[in-house]
Structure formats: structure tokens, C-alpha cells
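Structures follow.
The following pair of complexes shares a single chain, subunit A, combined with subunit B in the former and subunit C in the latter.
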Partner chain A sequence: MTFRRIEWLFLWLALLLPALAHSELQPMADDALSATSGQGGVYLSGDFSINKSGGVLWTTPTSNVASTWTANQRSCATLGASSPEDCGMRIAIRAEAAGGWYVLDNMKGIFSFDGLTLRTRFIDSGFNGDGSSFNQDTLEFGLPNEMKFQDARFTFAVANQGGWRNKAGTAANGGDATYQQTNIFSAKVDGSIRMQGNVLVFPKN
Partner chain B sequence: MNAPLLFAGLALLVASALAQAEMQALDDQQLSDVQGAGFGFVLDNILLDANNATITITINDITNGSGQNVPISVKEFYLGATGSNKGANLNPVTIGRLSSPFTLDLNKGENLRTLRDDGVWVQTTPSNVAVLALTFPERLTGTAGQACISGYAAAGSNCSSRASEKADLGIRFDFQVAAGRTDILNIDIAELAMDGSYLRLWGDSARSQLVGEMRLNLYAKSLTVMSCAAGATNCATAAEQEARTITATNLYANIGLGYGKSQPLLFDVNSNGQFTLELPNPTSGGTTAAARNTLATDFYANAPRTNLVIDNLKMGSGSYSTGGYNFGYNAIQGLTINYLKVTSHDL
Partner chain C sequence: MHRNLLLVPLLCFSLPSLAMQALDDDSLASVNGQSGISMEISGGGWSAGNVSYSEDGKTVALKDVSNRPASGSTATSTTKIDVVGNQMVVEHKASPQQLAVNNIEMAGSSKSFGSFRAFYTLGATLKVKGGGASGVSGIGLDDSKLSLTDVTFYYRDNGFDLIVNGMSFDAYLNAAYVDIVSGGSGKEIKLDLGNLRLVANIGGISLDLAHSDAVSGVPATPGSPDTRDPNYSKSFGSLNLDLRLGGSLSIGSGGASGQGIRIRPNLTISNSLFQYQDEGVLRAENFSGVLSSTNGLTFDLESDGVGTYAQVKFPDLRLNATLGGLIIGNASNQKLGSLGIDLNFLDDGAKQNWLKLRPGGDPNSGLKGVTADVSWNMVNSSVSLTDNGNSMWFSGLRTNGTGQITLDLTKSCAAGASTSCYAGTQSDMSKGNYNGHFDGLRLGLNNVKGSYSFDGLRVGTANAPLQGGTELLVLMEIFPAYDFTLNGQLTIQPGGNVGSGVRYNADFYVTEARAAITVDENGRGLWLSGTSYDMHFRDGTLDIASGAAGEKGGVELRKGTYWSKLDVSDVRWGDRATGTSLGRIMLKRFEQGSSLALSSGGAGALCVGASGGTASACGAAGGRWEDRGNEGVSVKLKSVFVRDTAVDTAVNGVATDEKRNQVLWETNRSGGNGTGAQLVIDNFSTSDGDPNNPNANTYGVNADLNLDVAPTKVKVKSGANAGTNVTPDPLGFAVNGRITFKEVNVDRLQNVHPTGGAVTAMYGIKAQNADIRANLTATPIN
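Up next, the complex of A and B:
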């Protein structure tokens, strides 16, 4: 094995830099340390899109008639809808050794927020008199003032298998007549929800 | 990884180790103060308002005459400080106290307690299990206790939330039954506290499943359910709105589901893919008559009771002459569930 010149250079720099840096470190005196409080924090903005155009498991069929779908097709349109729809993400959880499954199905949509903050906050006053006896640090999650949703959906269901099977499909198309899924409810959110305030998290003895 | 990069990585590790570490050993006194009982959290100056969002819920394929889902629109959802006048005047509220926060912890069954109706703290979870517990602000007995409902002593004074830590909550459901017809349920709750509610989950090895117990405590100054949208036809004036409203004043509910020692709450999906909710017979674990008697005695003495109390319930104006009715005081108290099994079926 031969090392190229650039790799040797990197090695020497890596060896040299911490050694130089080490010589510059000075211990802080106790009073200097006690005067330091963790300022700042993290400010997050986000825009998430989950399975907006369907997932990788299923493609979208051309009709809502389940018996006509091929092995990798599935539509998640609501009952009685005229046109088929893409399906979102699916999570299935089983809480009994030989039991059935709780399913969060068809999770998809766009979520965006601006101004989710994360920082530490020392509380020794306020809170209607509770703060002074509390006298400790908390982790503060500042909620964004506004959270926007676009076509965000999920369905809560129960099923006898974790993975989705096409109950109405033929065996040749990957159908499984024994599959049973009952949708309890579905929700869809559009628009913006105002969420303001902080969630303070701290160890509880 | 090629050799120079590996050496560089090692060099960085060695250099870090050389830096003077300031870690100090904890002495026994400090260690004994650390109990690791999980996290507390407090909602500080919270306000939720979904008035500008369109939330649609569909329930279990409920369909109209044309085979289409009946959508339920959620409108006017809010959570804010008391005195909001049914969401019209929203202000932030702090829910939970630093001394009595919401908690999420993993605890031993023998360390968890439940407040019995007579004010005694008892253990309801089995021993020697690790329990995941989500607990609302705990109740306080003694002089530190706060009135659960202001001005209504019968609801007790063992809440930890003070008047300023109670919340107003509202939600309106619009059921789009058919074209041109929308049925409305507009729910507003004033001065809500949920102190002492909890959800506890643990694994039952004999049943090979997740089991739990739940307690839901609700205290509210008032609860109104109106069947029309404010401002719509026949729903504009105060008199018109009152005529379409059910008003419950000074109400509280303590709903106890499950007694971990002998009657854990089983909520499960069976192998046929149907939902099952079960409270088993508390004496089923006893093999002899004496053992069953012991289980029954313990169950009746300590299992949380369910209470549902409404100090005043009225329909409409409450006056017969204007088409209303006043039902006065209504209560269910001291209810225990000996056996319950609910299963879903597909039609």
C-alpha cells in the first residue's frame, strides 16, 4: 500500500493540530466558570413531506376496485371515492405474542414549521411562586407559533397481519382472502394550527 | 478505511484522552439523592388553536346512502387559559406545576400509588414488574391540596393544579350527513383539570401480552354541548343558542379502568384482526375458594371506583315554559366493573 502525498499531509496535520491546540488550553477559575451560563440553543425550521407521491411498496392502480389490482398495487382512497389515491407509510405494532396488530396506515402529507427552539433554561422564579423552590435547569422546547399541514393524513386500524394484503385480490395477483383489516378512523389535516408556548422537560425525582 | 485516515483517527483519540478531565466521583450522599424516576414536563404558556385548519375525520367506513364516507369536520379546536368565553378570547395557560408536573417514567410496580376515594394512597400495580407510566399532575392530600372545581367543595380539594393552571378546551364536530344537511356538536369545557389521571403499561408474562391500567379524572366548571353553529340561522342570539344547548355545571368524572393486581386492563387486537377491550374477572387467578375470597376482598377494598357527578344538568333554558328542562343533580358513584369485554366485528 502506498500513501499519496495528500494523505500523508492530512495525517501530519491531524497529529500536529491537537498537540498545538492542547498547549493553548487554560483552566478556567471557579468564578469564571460560575459566571458562564449556557446561552443560545437551537432554532429549527422544517418542511417534511412523507410519501406525498405514494411509497415504494405499492403503485397506484387505475381503479378503486380491489379485485382488479395487481400484486404491487393498492389505492387508499376513501370509501365511495371516484378516483384512486396513493398510499402512505404503514406502521404495525403487536402487543400480544399471538395476537393481531395495531396499524397506523396511510400516513402521508406535508408538515412545515418555522421556529421550533431547543435550549436550556434555569428556573428560580416565577410560575406563580413555584419557581424559587424549584431552582434547577430545564430543557425547553419552544413550540413554533404556527404549524402548517397540507393534505396530512393517517388511518388508525386493527388487522390480523402486520403487512397489508389485498383481501379481494386473486391468488395470482398476491391476494389473501384471510386478511382482515378494520379501519377505526381516518384523519386529514389541511391549513395551519397555532401552537404557542414551551414544553419544559426536567428529571423528576 | 485506508491507513493514513486510520492513523489520523487514532491520533485524535489519543489527543482527546490527554486533555485534563474534570470528572469527579459522586459520593454516597450525592448518589443516594439520585433516584432516576423519569422525566417531568410542564406545558408553559401553551395555546393551541386550529381555527384556521381543516381537519376531517372519517370513522370506520360509516357511509351515507350513496356509499360514500360521512366526513366529520373538526372546527374551532382550541386549548387556552380559563375565561376564554368559549374560545372567543384565547390566552396562553401553564398546565402542570414544577412541583407537580406531568411525568413519564419507568418504575417498579411496588413504587406506584393510587389515591383511593377515602384519601388513602394504595398500590394497585403488581410487584416485580417494570411499569411504564404517563401521569398527569398528581393529586395532593392535606393542606397543599387545591379545589378541583372552584366554588364546588363536593369535588374535593386534593388537586395540585391551582385556578390559573386549569384550561378551557373546545371542539366542534360537523357531520356532513347528506348534501345540504350538516349536523353539529359544539363542545366547550371551562376550567378543566385532569389531576391524578394516568396510564400505566407493563408486560404480563402469563398472558404474553401488554396490559395496563388507566385512570381518567376530569374536573370542569362547566361543559356545554350546542347543536348548532354559532351565528347560523336560528343560532345567533343568546336565547336561540341557549335553547339548543345542554349545559352541565360543576361536573367531575373519575373513571377507573383496571386494577393491576387482579384485574389488569387488556386492550388488544385478537388474531382475527378485531379490537378487544377486556377487564377480566378479578377472582379468576384464585385456585381455591379461600384464595378467591382473598382476591375479592382486596379488589373491593382497593380497586379504583368510577364516579360521574353532575351538580346541575339542564336542557335549553332549563325552564319548562320555554321548552327546556332542568334535570338538577345527577350522579353515578362508587361503580366497580367486575367483568367487561368489548369486541369489534365487521358487518
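Up next, the complex of A and C:
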């Protein structure tokens, strides 16, 4: 049942995303560029981060011994680490009534870029002749050539409650001995990703 | 013969010259009356049954006008007239007096504007000499002073009072002249202000919503106020102005048509102070600008099918002001820098600038009050922000519209039926369709159809290339372009969340609206088309707070209990009316304890692309240290979403409760809303995520924005030099945003088929511990 739910979920996402956004990652030809109207776009540089210094719900305790944590404390250090670490964002989804929860836990990272552009673009030519039949407005996200990822990570888990609870904590410290969470895998990304071209977003009936 | 006549004046002059010898001390001691003329007048004042002004057959009348002693039965005044040097000096001092007008009426109307009383003490030193600005004809008023002190003003509408107390005005005239010059429909009076200094103070504005007088027939006075209203001592705050005015003001005859009055301002303001004080301050330490009109403002009495009205027209008017050294919130805060506005009102065909004032306000608030039909057209205007010497213009601001505004003092019947209260046909204030009145000064909005748009941002110089960036303000519901029809009401009362300030209740209904999320100069963009937006606020407050220790304070708008429904018929790409649609988006919100705060001081120094509290730590971590200076603007939006505990009404399996947080996306409609496939994020809410107190919900979702104008690194996007840095670092509109929440819950995510009904796709979504930051600088595309 659970697997059918997951399959259904991915199928649903797969169907929804193309409906939301058709992405074209082709380099623009000169004739396509010349058909671009609207110079009022915007060039954005800077960064985007998730919990780069921890979050606002849990503060970082002084040790990794969970039984000593107070109600608003949690350390997300990897198993066996000596020093505690602040936690990322957590998202939990329950796909079944009275079922368990899929969890993306400890999501964090810094993503920095120079030159993400945003503008509206009317396409009625180019694209190897497809442009003239397309004849439509798009929202153009011009990708930065390079995006740097710093300490980007997440953990995929399943749990019996949506919100994290301290299994080892006392009731007074917000603990709940019945809480179960199983971490399936964790991922961490550092480095740069080359992102060239444009993402064109438009509705499709 | 001719020679004898010429001798006559010489003879005349020779006669008095005989007496023009120096007086010795003995003679001088015996001379009386060298100090001019002194007049002392005492009496009971004056009264008139009717004072009226008529033009072109229409009349406005002031009924039962009187000027009497402020207390007792006798008022005294002393006027001394003397000649000092080449000036006639008139010194006037008077005891406190009371001017009263029992009713202001338009002939032919049963309604009226209401009544007023003013307590005041007048003093003046007028130094008059011949010779105006040209030095030939006219009057010079150099070194004169007018003062109006201890002023308390009462405006009464339907038995309720608006009280302005602690007012004073002092005008110091230097190099001021009055001349008669050509203008208007003949001659006009031109007042050359020279270096006029005007110091004005308002101690407080309060409301007395206890009907009529505490003792029948004995109106309240500053010394014995009507204390029956429990809020009588609360105030909207105090105001101080110290203006240095120059330029001129011309007053001529002849209105927009026929008789009337025409005033042509050409005023300059320099080096002036503006300060509004609540618990905190809103202060511009160097306020300067220009108010001018070529065609002038005309005042006429006119009539149409509705009745007679007083009309103010201004075919052109320019207001250019710079609020320098602006401080918001705590008086010790960093400055915002300066804020500039350049507003140009200009008639353009049917888009005109006028105000028609009619007696009587809202139809449900008795016969008194004010109704104003308004029309405006503003062209090629801008708002600018200067931060640490770097400027940014919201350029090409245009707005036009028409509508009707009513102004009344009103009272609800919530505390029981009382004289002049209005319960409405839906008397439950917690409902969105409540149509009774609230306590306070009510601003009614009827069919205000308008639009505004910005061309875009210009950064650095006023003629820098246009760029985007206004998109970054959409979070604050400031759209780059907006067409709307607005109805509703805003009722304000004195006294904020703490101390002075404003409390408010409001219902706004925006219909037929189109808002741009992003738009280019050709009007193509991403549009929220066919939008309706109902907003309801209960027990909200607006304060200028000084902030707790270590906080900035600032403008604090608390939304109280707030619920709204934004229904976007089509999210369109391209043209606002015909672009391809993504479908319908509907957002319902129910919030308690949400707020918006604005203060001066921006992001300061920060690390872009890494973590680090110092320039060296940031650089070592691979980031870039950007110092955006000590000026700028900070905005804090806090939204506390409340969970709806039960479904009261539902259509096709989707809850339709008025107060519920919900997002709905509908596509493939075959015949209007509700006939397509829907995706519903139902009953989302915030929580403090406290395991020991699961119902705690005060933190909400916080969005903190720091707005600055600052240089940043920009790479050339295309061409031969693509990838290289633009030098020097260009200035941009820098927005440092931070969104935090402790916990957000969604009850369910539904898929809805128009005939098959709703299916629950997710039985709960929970997000915790978020601190999402975006640090973006918007510059033109290179």
C-alpha cells in the first residue's frame, strides 16, 4: 500500500511538473535573441541559504547526549560525532490516513550565484522554426553560469510522527519515548555546478 | 501767474518747518502721546445668524456664527498702533476666545458638513510699510509675527466630536510683501513669502463618541472636557512642524467656470523639520521641496443632479519633496537616508484632478458629514530612496482614478443601542459581511476605480537605464502595476497598541483587479488577472514604536484578527487581459496577531555566499563581504496563521469556511470557477512547535527584509566579455530577505474533480525549524 502511494506520488509529481513548467535548455540563436522584447528585466546576484546557522525552533545543545536536551534543543550531528551541530529544516509528509511520515530532515546549505536573470520574453521566432508556431510569452529565468553549493545536505527518513520528538528526553523536556525515526540515507553536496542557458516557464493548455 | 502758483507748495512746507526745532528736556517732559495709539476693547463678542458665500447662484452658508470669550462674559483685547522708523507697527493681544459655527450648509440640501468650535488666543505684531516686492506699490510686512496659541478645535458630526488640542501656530514674516498684480480674471493678490518661518504644533487628536454634551446645552471646553467616553483621553499622537517657506501665493478671482477663487501656489520649503511622535518618532530633520501650480487651484460652487457641491480643481500641481535625515522608530536609530517624492498631477483629457465636496457623509450616518467625489491623474512621477549617498528611483509612477469617499464620525451598536449608532443588517462584527458601523472616524470608499504602475527602478542616477527589481517587493503586496476597483471602509480610533497611535477596523473589497508580479515596459509580464480580494481587519493598531531595549522600533502595523480571500481568475503570461492562463489561484488566509513593521537602517555589513561574522571570516569561508552602510530600510512581516478546528461548510468535499487558510489551484474549467480540476492545500497553520504546549501559536512565519542601495559584483551576461566582472561594481537594489518559522502544518492536500469530488492525496504536511535567507541584489541585465 505504501509503495503504491509512493509510486502514485511520483507519478503525480511527474505529471504536474511539466504542466507547470516547460523547460527549454537550448542556447539561444541570434535570431531568437533579436525577437526578444522587453529590456526591463532584472539581474540578480547573491545567495540563497537554508538554515546556514541553524533554525529557529531548535537551539544547539552543548552535548550530543539526547537525554540531556531541553524541550527546544536538538543536535543534528552525525552518529558518533564529538561536538553537537545545529539542525536544518525538516519537512514531513503523510501520504496515508493514520499512516507513517516521509521525512526530509536536516535540510541546509548555501547556494550562491552571480547572474540569475528574470524577465518576460515573447517568442515568435527561432528555435529551429518552432518559435513562430509557439508565438507565446514566457517567463525567462536566465541561469547563472555557475552556482556554488556549500555544505548542502539532507537526510531522507521515515517516522511515526510528523514533528521531531526527543525519544530519549523526559516528558518535562518535551521527550516522547514512543517516537520512531529511521534515517534511510543522507546526502551532502559541496562545490560548483555549471548551469547555462535559460529556463522558460509558460502555461500550457 | 504760473510763477506765483509754484510758490504755494514752498510756502506750505516753510510753515511747518518753523516748528521743527529740537525740544529741550523740559519741553520733552511735558509732551504726551509719543507711543502711538492704544485701543483696549472689552465686550461679550459678536454673533451672526447667517454668514453666506454665493457665486454663480449657489450658496454655502455658515449658520449661527459667533465669537465670544472662551470663559466668562467679557473678552478683552489691546491693539497698539505706532510708527517706528518707516514702518507702522500694529501690536495686538487678546484674551482667549471661542469661535463657533453651528452648521455649515449648502443651500438646497437637507444635509450639512457639521459644526465646529475653536478656542484660541490671537496675538500679532504687524510691521507695515508702503512698497511691495517692487518697492513701489504694495505693502511690505518685514519682521512681522502672527501667533495663534492655546488652540483647541472641536468638529461635531451627528453628535460625536473630533477634538484637536494643544495646537499652536507661529508665523514669522521676513521680507514678505503683498502686491496687486495681473492674474486670475483680472487682478490677483500676490503674497511674496520672502523667508517665512512657520512653527506649528498639534498636541493631540482625540475622539469623543459619547453622543452630544455631558450636560445638555453645555458643550465641553478645554478646561472641562466631556469624560463620558472611556477613550476620551487617547490620542492619535502629536505633530511638530518647523517650516521655512519661500516663494509666493497668489489669490485671484474667477474659478474653473464663472465666479470663484483661484489660488496659485509657488511655494518652496527648505531646511525644515517634520516630526510625528507616538511612543517612537517619525522625523525628517531636513525637509525641503516645492509645491507649485501654473494654472492654480480653483474653488467653485457647482451643482449637478445630486445637489450643490464645492469644487476644488487643479489642472496641474507639482509636489516635489525630500525628507532628509529620516528617522523611523527609536530616536537613536540609524537614519533611513532620505526619501524623495516627485508627484506631478496633470489633467489629460477625461483624466482630471478634482475634488467635489458634498454635505452629508455615509447614508447610514445621519445628515451630517462629508462626501467627496474624487478624480486624480498623476503622470511621470517618482519616489526615490537615498541610502549612504546612493540613490534609487521608483521611476515612471503613474496613477489615475475616480471614486467617492465619505468621512463621518460613527458609532457601533455593539455596546447596546444608543443615539446615532448603526448596527446594520448584519450586526455580527466577526463576519466578513458585517455592514454596521464601528466606533471612530470612518472613511468610506465607494467604487474607487483606479490604477497605478511603475516603469521600473533606476539606480545611481535619475536617468540610469530602467531595470527590474520591484518584483522583490511583491512579498509586501507592492505590485509593479495594479488596476483595481475598491469598496469598503476604514474606521480609526485614537490610541494604539501602547499609548498614542491608531486603532482600526476595516473591510476592503477589491474587485476587477489586475496585478503584475513582473512586467516590462510594454505591459507584458506575469499578471494576476480578474482578481477579487476581500480583506477584513478587526481590532488592528498602527503605532510608531520606540521598541524595547535593543530593538529598532518603527512603524508597527498590527493586523489584529485578519481574514482575506484572494481569488485570481487567471494567472496570465504576457498580456494582462489575453495572455495564456495558468488557471485560477485562490488564497484564503485567517490570521491572528500578524504584523508589519518598518524601521530605518538597512542590512549593514553581511557575508554573501558563506557564513561569517567578519570580513576575514567570510572570505576564509569562501564568501564575499558586502558592507551596505548604516542607512536603509528594514521591514518585518509576521503572519500567524490560525488553524480552523472544524469544517462548517463545504462544496464538493472542499471546505468553504470564511476563516480558514487554504490555497486552491484550478485548471481546465469548462464553465467558470468550480468546473475544473482543483488542487487544494487545505487548512494550513503555524505553530510554535512546543511539545509541552501544542496550541501555542505566536511566532508565525516571519519575513525580514533589509532594503539598501549598494554596489555588488555583476558579471557580463552575454557577448565577447561574458563571464567577466563589470567594473566598477554597479549599484543595485539590494534586498536581504530572511524567512523563518518554527512549524507550519497543512491538514491535507486534496485533488478535486468537478463531478467526482475530493480525494485526499496527503494526510498532513509538517515543516519545522526553517531559516531561509535570500540575499539578492537587482541590477540591470548586462
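As a working rule, the second predicted complex is superposed on the first by the 166 of 205 C-alpha atoms of A that agree within 3 Å, B and C clash if a C-alpha of one lies under 4 Å from a C-alpha of the other, contacts with A are read in each partner's own complex, and residues count from 1 in each chain.
The rule we apply is simple: contacts are C-beta pairs under 8 Å (C-beta built on N, C-alpha and C of every residue); 3 or more make two chains touch, one makes a residue touch a chain.
Bear in mind the structure is a predicted one, so any value in this text is a computation, not a measurement.
Once chain A of one complex is fitted onto chain A of the other, the partner contacts of A:Ile184 are limited to subunit B, with no touch recorded for subunit C.
By the touch criterion defined above, A:Thr120 reaches subunit C but does not reach subunit B. In the superposition on chain A, A:Pro61 contacts neither subunit B nor subunit C. Once the two complexes are laid over each other on the shared chain, residue contacts for A:Thr78 go to subunit B alone; subunit C is not touched. Once the two complexes are overlaid on the shared chain, A:Glu96 sits against subunit B and subunit C alike. Applying the stated contact rule after C-alpha superposition, one finds that A:Asn198 touches subunit B and leaves subunit C untouched. Residues 19, 94-99, 101, 138, 202-205 of subunit A touch subunit B in one complex and subunit C in the other. For subunit A in complex with subunit B, the touching residues are 1, 3, 7-8, 10-11, 14-15, 18-19, 21-22, 25, 27, 78-81, 94-102, 123, 127-128, 130-131, 133-134, 138, 140, 143, 149, 158-161, 179-205. Against subunit C, the residues of subunit A that register as touching in their complex are 9, 12, 19-20, 37-58, 71-72, 87-99, 101, 110, 112, 114-115, 117-120, 122, 136-139, 142, 145, 148, 150, 162-165, 172, 174-176, 202-205. Subunit C makes touch with subunit A in their complex at residues 455-456, 465-469, 471, 518-522, 524-526, 571, 573-575, 579-583, 608-611, 621-623, 667, 689-692, 699, 712-715, 717, 722-723, 732, 734, 740-743, 745, 760-782.
If you check the complex, the residues on subunit B that touch subunit A are 2-5, 7-9, 11-12, 15-16, 18-20, 33-61, 63, 66-69, 92, 94, 97-99, 101, 103, 105, 162, 164-165, 207-210, 267-275, 344, 346.
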